[in-house]
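Letters are used for the chains, namely A, B, C and D, taken in the order the chains are written, and counting of residues starts over at 1 for each.
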């Protein structure tokens, strides 16, 4: 209370953003101390999405763990499984067929397209540009439909498996991928043009959320946040994996160091992803799509990394020679970008807070990973009953007796 | 006597205002949706939303001053209704036309904004307080260019009555072209007055969760929503009367023209709303004070000179 | 990229064009619209070829599938139960099954009002 | 500083670490002695220019808790430096001044493994919720999620005689 009085005397307000707030798509809490409209101090509290995925993996065999890992994040589900599969394959000494590498590459780049389009929409929504939000999400549907056809689901594609991929790409599907690439390229060029010319967009994005190259080094930011500060941190180039051993990636960097730079990097990265998909579809070799994988891993530990849409994703597996991992540790890309968040927020206006938070493309689930994975089914029912009992009590206190009304039991 | 009561209450007064506000809100939402390549709401959606809101429970914050909390929505709705009565809809003269009603309308239209501010301040909640102060800040930004933009055509016409101005430009339709710059200014300032994109920083959903009205619920929120859409209708009507006054002299044809003109103005507003990002409150201030105010001021001077020069 | 002139309302052209195009959204109908071929949906089970190896139960990440033999080892009466509240539709069981007794359909309209009715026999 | 140079430098300065690399861009080391460990990190930071703190992997080593600090440099080499602390009195010093990015992971070690980190500035706990029972560290091997009561937020392992 005294704290509050002090704040009031100094004309300071503490604005809680989250855990529930329209600008946050997942729960996270930001306590913003305001001086007028200016952010003076920002405290980041995360951890609302801790689901215990790492613990869950320890009590499951590798095949089960793969699907748990896929659900670390809804958007970069492919990147996480790819990273996990790579770690497994490295430890098991598996040689993945070339065709599988290509299919993984295509899905990975499609995922990058879908993730960045999603980001562009969310960012546009945060700054109140709902029309752009609708357009990008409409175009994202094209990619999602493709991914649904390739993997069999819109979000958790389940394409990867140990030693290869689960589904092959038919020639017809590859034609459709190229077709969608053509459609999207035209639209993306339009958005890139828009980002460069639209006054209100530039006014809202330029010069806010600055993270200079020195800050990037200090807080070890990854992905588009680092690349927007001109630092070439791309795992696809630094440590080429899979298909990127054969196909060179142009790393997109920008020197704005702010949210605008991150926008430009992401838009240009989408164009680059389209270029890569075209090359991959043209060069995809014939052959098997997977090799048989063992159920048990030899003793050892491995670190594997992949360039997820949001940045560098690192997985650690330690095996004790059984069919269950001894320890799994997922360092999701967003986790690396949180450290600089307070620094990015401080000194800017309250109006900039949502877009600065959105600019790192935060994935709270990724950061927090996993405690209770499997509901026991009873919770839900008791909760319903409790809610109903409470509401009956409430109505009774107001002189109405709804208990006599027969409600269909849900 | 009976006729004037009918005029005030039913047509072209309050009932018409209500019905037409729903129509304009539907147009606003539907066109906005179609521009975003969405399907958009069915025609009865605005009415359904309103009825649903009215049926909801009202929750009054514990710290709020109860009477003020309940009175503000009604006051703001009443002010907008009163303003609408001064605008010519059927025929060339409004229901209540008098010398100086333009100024009265301007002040009446300020009341909802002040009510928003008071509502936000009275809610004693951090988001609503920030929203309230943003509302007030924005009001200081747009009031000056808005007043000057509304007064410029009046100066040229030499009358302070909206019906009089409309009548003047009906005789001299080409003079409306002179007012084109202030027309654009007034479109932008009305957008800001209505707290719509790109000037909706006071209620920015993704920053301060709806701003001043965040604690409002139930029928009080419904009244505020009603105020917003009635304000849209009133402002569109005023703009139509001031800047697009073409008259045929036949009452029903004028009414059709009035509908067409307000439609066009609302469409322009939707286009503004659909194609821009929300700009920050400091940018709004800068934009209004450094760009729109000089334009409006210049126009006023030009109109004064023209009035003298043309010898009207 | 060439430096371009900044201007507001750059989206206006596209927005007006979209007024005269078909909307991208559509009213949801309970049909196959939007469901792609090969979509992973409800499981299908063929008891005749099942050899009761329960590999699917071992590999199911959430423990959603249960295979039971009500008969004897020689005269099998195989039944499969699926808890759709737990199933994550990864279809690993389909991949694992050595005799291809399990397969999947594109049926995705599986919602229900009670948790009990999510537990079905395949 | 590439992989080979790092290994040479590390093994020269700290022979006990036995830095090895099974593949390019990865360096694994053995557990460092507790008193040596801070020096190792400082050496890696200042002399070898491993300025990026990537993450901390906590592992359950039976009687001990292992902490693997994963660092990286501009050439994207991943260097794993490790420390072992006893489960009974797990205690490390915060590396926040050198690697601000490791502070979040240190908080995670506090919550999930019960490692006491001295020098960590006050702040929200991460990632476990408020009201989590004290003394329960879910990533330790002996902690079984089956015994955790979600309604009351208590950990109720069966008593020993029940198990018998």
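Everything that follows uses one rule, which is that a contact is a pair of C-beta atoms (placed from the backbone, for glycine too) under 8 Å apart; a residue touches a chain by one contact, two chains touch by 3 or more.
The model shown is predicted, which means the values in this text are computed figures rather than measured ones.
Q: What chain is the most remote from subunit C, judged by the mean position of CA atoms in each chain?
A: So the farthest one, by centre of C-alpha atoms, is B.
Q: Central chain, going by Cα centroids?
A: Of all chains shown, the one whose C-alpha centre lies nearest the global C-alpha mean is A.
Q: Weigh A-B against B-C on C-beta contact pairs and write down the one with more.
A: Greater number of contacting C-beta pairs: A-B.
Q: On a C-alpha centroid basis, what's the spacing between subunit A and subunit B, in Å?
A: Distance between chain centres: 42 Å.
Q: Report, in whole Å, the distance between the mean C-alpha point of subunit C and the mean C-alpha point of subunit D.
A: Each chain's C-alpha centroid was found; their separation is 39 Å.
Q: Round to the nearest whole Å and give the separation of the Cα centres of subunit B and subunit D.
A: The answer is 61 Å.
Q: Per the centroid of Cα atoms for each chain, what is the distance between subunit B and subunit C, given in Å?
A: 50
Q: Multi-chain contacts in subunit C: which residues touch at least two other chains?
A: Residue numbers touching two or more other chains: 8-11, 15, 24.
Q: Mind pulling the residue numbers of subunit B that touch at least two other chains?
A: In subunit B, 35-38, 274-276 touch at least two other chains.
Q: Based on the touch definition given at the start, go ahead and assign the chain network to line, ring, star, complete or other.
A: The chain contacts form none of line, ring, star or complete graph.
Q: Write out all the pairs of touching chains, ordered by chain label.
A: Those chain pairs which touch are A-B, A-C, A-D, B-C.
Q: Within their complex, state which residues of subunit B touch subunit C.
A: Subunit B reaches subunit C through residues 31, 33-40, 271-272, 274-276.
Q: Over in the complex, which subunit A residues touch subunit C? Could you list them?
A: 60-61, 63-68, 70-71, 131-132, 135, 138, 141, 145, 148-149, 152-153, 156, 158, 161, 166-167, 190, 192-194, 196-200, 202, 373-375, 377, 380-381, 409-410
Q: Touching subunit A in the complex: which residues of subunit C?
A: Checking each residue of subunit C against subunit A gives 1, 4-11, 14-15, 24, 34, 36-40, 58-63, 85-86, 88-92, 95-96, 113-115.
Q: Flag every residue of subunit A that touches subunit D in the complex, lowest number first.
A: Counting only subunit A, the residues touching subunit D are 29, 43-50, 52, 54-56, 58-59, 90, 217-220, 233, 235, 238-239, 301, 303, 305, 314, 316, 318, 326-327, 329, 331, 335-336, 338-339, 367-369, 371-372, 379.
Q: Once bound in the complex, which stretches of subunit D touch subunit A?
A: 23-26, 28, 51-55, 57-60, 68, 70, 72, 75-76, 78, 80, 99-101, 103-104, 123-129, 138-139, 141, 145, 148, 150-151
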